[in-house]
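Here come two complexes built around chain A, the first alongside chain B, the second alongside chain C.
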Partner chain A sequence: MSTALRGTPLREEDIRTGKALTTEWHGKIDYTFDAGAAIGQFLHGLKDGKLLGRKCHACGRTMIPPRMFCERCFRRSDEWVELKDSGRVNTFSVSFVNWDASRRQTPQVPAVIEIDGASQGMGILHLLGEVGNSLAEVLEHVKVGMPVQAVWKPAEQREGSITDILYFRPAATKR
Partner chain B sequence: MREYVVKNTELKSVPGDWGVWHRYTYGVAGERFFREVKDHGRLVASVCPQCRHAVLPPSLYCEDCFAEMTEYQPVGDVGTVHSFTVLRESLEETALPEPVVAALVQFEGVKGGFLGALKGVAPEQVRIGMRVKAVWKPPGQRQGALSDLSHFSPA
Partner chain C sequence: MGKVAVLGAGLTKFMRRSLETGRELCWEAASAALREADLSLADIDCVVMATAPDAFDGVHMKGEYLLDGAGAKGKPYVRVYVGGGSGVFAPIAGWYHLASGAFRTCLVVAEEKMSPTQPHPQGAFNAIYDQFTERPLGVNLLWIFSLEQMRYMHTYNIPLELIARVAVKNKRNAKDHPACQLGGEFTVEEVLGAEVMSYPVTRLMVSPVTDGAAAIVLANEEFAKKKGKNHVWVEGVGWNLDTSYWTNRDLAYPEYVEKAATMAYKMAGITKPREEIHVVEPYDPFAYKELHHLEGLQLADKGQAPRLLEKGYWDRDTTTGIPATPSGGLLGVGNPIAAAGLMKVAEIFWQLQGKAGARQIRRNAKRGLAQAWGDLMQVGTVVILGV
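For the complex of A and B:
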């Protein structure tokens, strides 16, 4: 008996042309995610072009993304504070694949940005922009600790979403 | 401390849609089976070259002796009701206008069977062992799917 692995490779075309029979199911699964009190307010802030954090008076930390409860002190956080829309690169990646694993011609640069005015280590995940179109260019432009500045959508296009910030650009860049 | 929501409008909700879908390929034996259904409106069973069992729907391997099944044989359109259920509600639990009889039909000399709606007989008159015939959709409407079987009717 042969032990070689056998299979029947199929291409998209085989399915499209009906060479291989298939059945499909297309679900429509709607959901509404309740952002909650803290993130809800944070998203409202984005619409106004502001980054909102939450301060705990017990440990003194200013937290972004905001939470209504301080997980360190185990008590309710106390106060809303408006932070700057700038920060420093905590860490970053250079990605040549999209979320659906398709290839990108130019890299996307996701980064954790520590926001100015928040406590050390507090930041948000976003994208870096204006940092080059190749791996070499990105690595030349982007350094951990580099100051960056948010680039916002025009106010009338903002909808209360993290994508109201288009990306963060190097703060030193002349525009 | 417990937090109460007093103004729902201050909570931001984010709508979305999980664009979930799947595509099922039938595999070698399933492809052969549904191709026969689509092109010829007939059932085929796979046959084990070692133990000569015939299986419906066809399988690539014999469940009894694990031999690869490479032979296929036609199965007649007339079988017998092995089991049945009378459905009076839809999946959404609303009343159906007419009760539907779902029957598992087996065929002479073939292991397994085929599930379909049984029409042309009152639910109270369905009997295990009664002879029924497969009624296929017209050739142009068949897609190579389970729904190509319109229904079974008394033979």
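For the complex of A and C:
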């Protein structure tokens, strides 16, 4: 390979001082997504304080997030099943970074939660709460495999969104 | 299927922010690859482009935007896209253009300019999450990696210290790479003690934001043999995608990488990959991913890649193990997404030719493998080269 590679690295100050010129575009685009047959029903369920799954009679899986087709059997799924609003932590993280790379003082604790009543390994992404406000506290309170319980918004504040569940809390915690 | 050879490769520097536009980066890498292959654009029958999300550039027809810099004007041209896996998928697409018999030569170009996205390119990734069940939670890209790493560590009881060693190894290897953005000497303690981004991921376990481009020239057997000798051949290719319902998957093991590798091994006639693969460039956007992928590639048993790392099995100067990421990888050289994958293919090409300079591995290599990964943690792309 040639060792004299081309390319001109820029520094922040090259931009700031106008040594290298830039052009800006603020392409703000808004979207409205139709929720569809499966997720539409799922969101209605959340508004009613229920977690809904979808069952395929061919493979026997109860699936969450629900889908109107089974991607494994490639056939229409068969029925709605009301799942429990509890589960187990499959994995979690303690996140100090926002989407724009700005930092957080108190961490978010995202987790994949395997939902009780769904088939083995069927989880959803959500947040854990009541688990502490620092890395050390969260690592003390949260373990993979730990049972957790959904904490819902008050019924009158629910709007048919995944955020109708505020977070999942350790099931063993007395409140 | 016809045989396909690699005739040359070219790179730009990998940089946090480049003066050059994406189109200019393409031109620099493509012309460097043509120079190394001793060919001109007139010799090229078709062009394949890989570049990752349009959102980085704010250009919707990104393949078309880059076309002129990639030498594709007036030629059969296509952009292929499987997220982070695109850089290794592009030579696969180039391979099938030639193996089909439709063309003699193919210029494969991969480009990424991540720096335009404000305030940070990570924001462009929010849209990979499900718009109904995930995005309203306030997601960021680091989550999927940190969640997968935690599950991997939990399942196989892997200490974080062993994962940190991948960053130490790759950043050290990268010091000898002329495109290098982030190479250097770090201790395990420094990697573990770096800022916690999204536990268990620290800042030094994450690949950087990078601008850069890479290119290779492919030719069919007849063209390659007229052009010279001592060829590096594409011996096997494989690709595979798992379900997009990622919270339903086994996060501890990349089954889709296994399937992609199995396809490539079968094509290459490889039955014992641990003996028949002599150098490997697994995809390493995060430190644990290298280990995860080495296991998916069947080069280590499940949960064992970290233990082999501890013994020096993946070191560049090993004579008894398999050198992994001799280039320095995404963690060290940098991560211009699609270009980083193709950089890995170029590294295997140079290693097999004995032209890797200060990065040349010590063991004699007849066959090597490059792999990339991406989308929503669901795609594996594999290319095996041999001499």
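What we mean here is this: the second predicted complex is superposed on the first by the 147 of 175 C-alpha atoms of A that agree within 3 Å, B and C clash if a C-alpha of one lies under 4 Å from a C-alpha of the other, contacts with A are read in each partner's own complex, and residues count from 1 in each chain.
The rule is short, and it goes like this: contacts are C-beta pairs under 8 Å (C-beta built on N, C-alpha and C of every residue); 3 or more make two chains touch, one makes a residue touch a chain.
Everything numeric here is computed off the predicted structure, so don't read it as measured data.
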Taking the superposition as given, does A:W25 touch the first partner, chain B, the second, chain C, both, or neither? both
A:Q41 contacts which: chain B (first), chain C (second), both, neither? first
In the overlaid three-chain picture, which partner chain does A:R76 touch, first (chain B) or second (chain C), both, or neither? first
One more residue to check, A:L10. First (chain B), second (chain C), both or neither? both
Just chain B (first), just chain C (second), both, or neither: which does A:W99 touch? second
Quick one: is A:G53 in contact with chain B, with chain C, with both, or with neither? Answer first, second, both or neither. neither
Check the residue A:M63 against both partner chains and state whether it touches chain B (first), chain C (second), both, or neither. second
Examine A:G132 and indicate which partner it touches, taking first as chain B and second as chain C; both and neither are also allowed. neither
Quick one: is A:F33 in contact with chain B, with chain C, with both, or with neither? Answer first, second, both or neither. both
Identify which of chain B and chain C touches the larger number of residues of chain A. C
Shared chain A footprint, chain B vs chain C, residue numbers 8, 10, 15, 20, 25, 27, 31, 33, 35, 39, 43, 161
Parts of chain C lying in touch with chain A, wherever the complex brings them together: 9-20, 25, 28, 32, 35-36, 58, 119-120, 122-123, 126, 129-134, 136-143, 146-148, 150-151, 154, 178-179, 195-201, 211-212, 243, 245, 247-251, 346, 350, 355-357
Within their complex, chain A touches chain C through residues 1-11, 14-15, 20, 25, 27, 31, 33, 35, 39, 42-43, 63, 65, 67, 71, 90-102, 107-108, 110-112, 121-127, 135, 138-139, 144, 161-163
The residues of chain A that touch chain B in their complex are 8, 10, 15, 20-37, 39-41, 43-44, 68, 75-76, 160-161
So, in the complex, the side of chain B touching chain A is made of residues 1, 3, 5, 10-18, 20-28, 31, 34-35, 38, 143-146
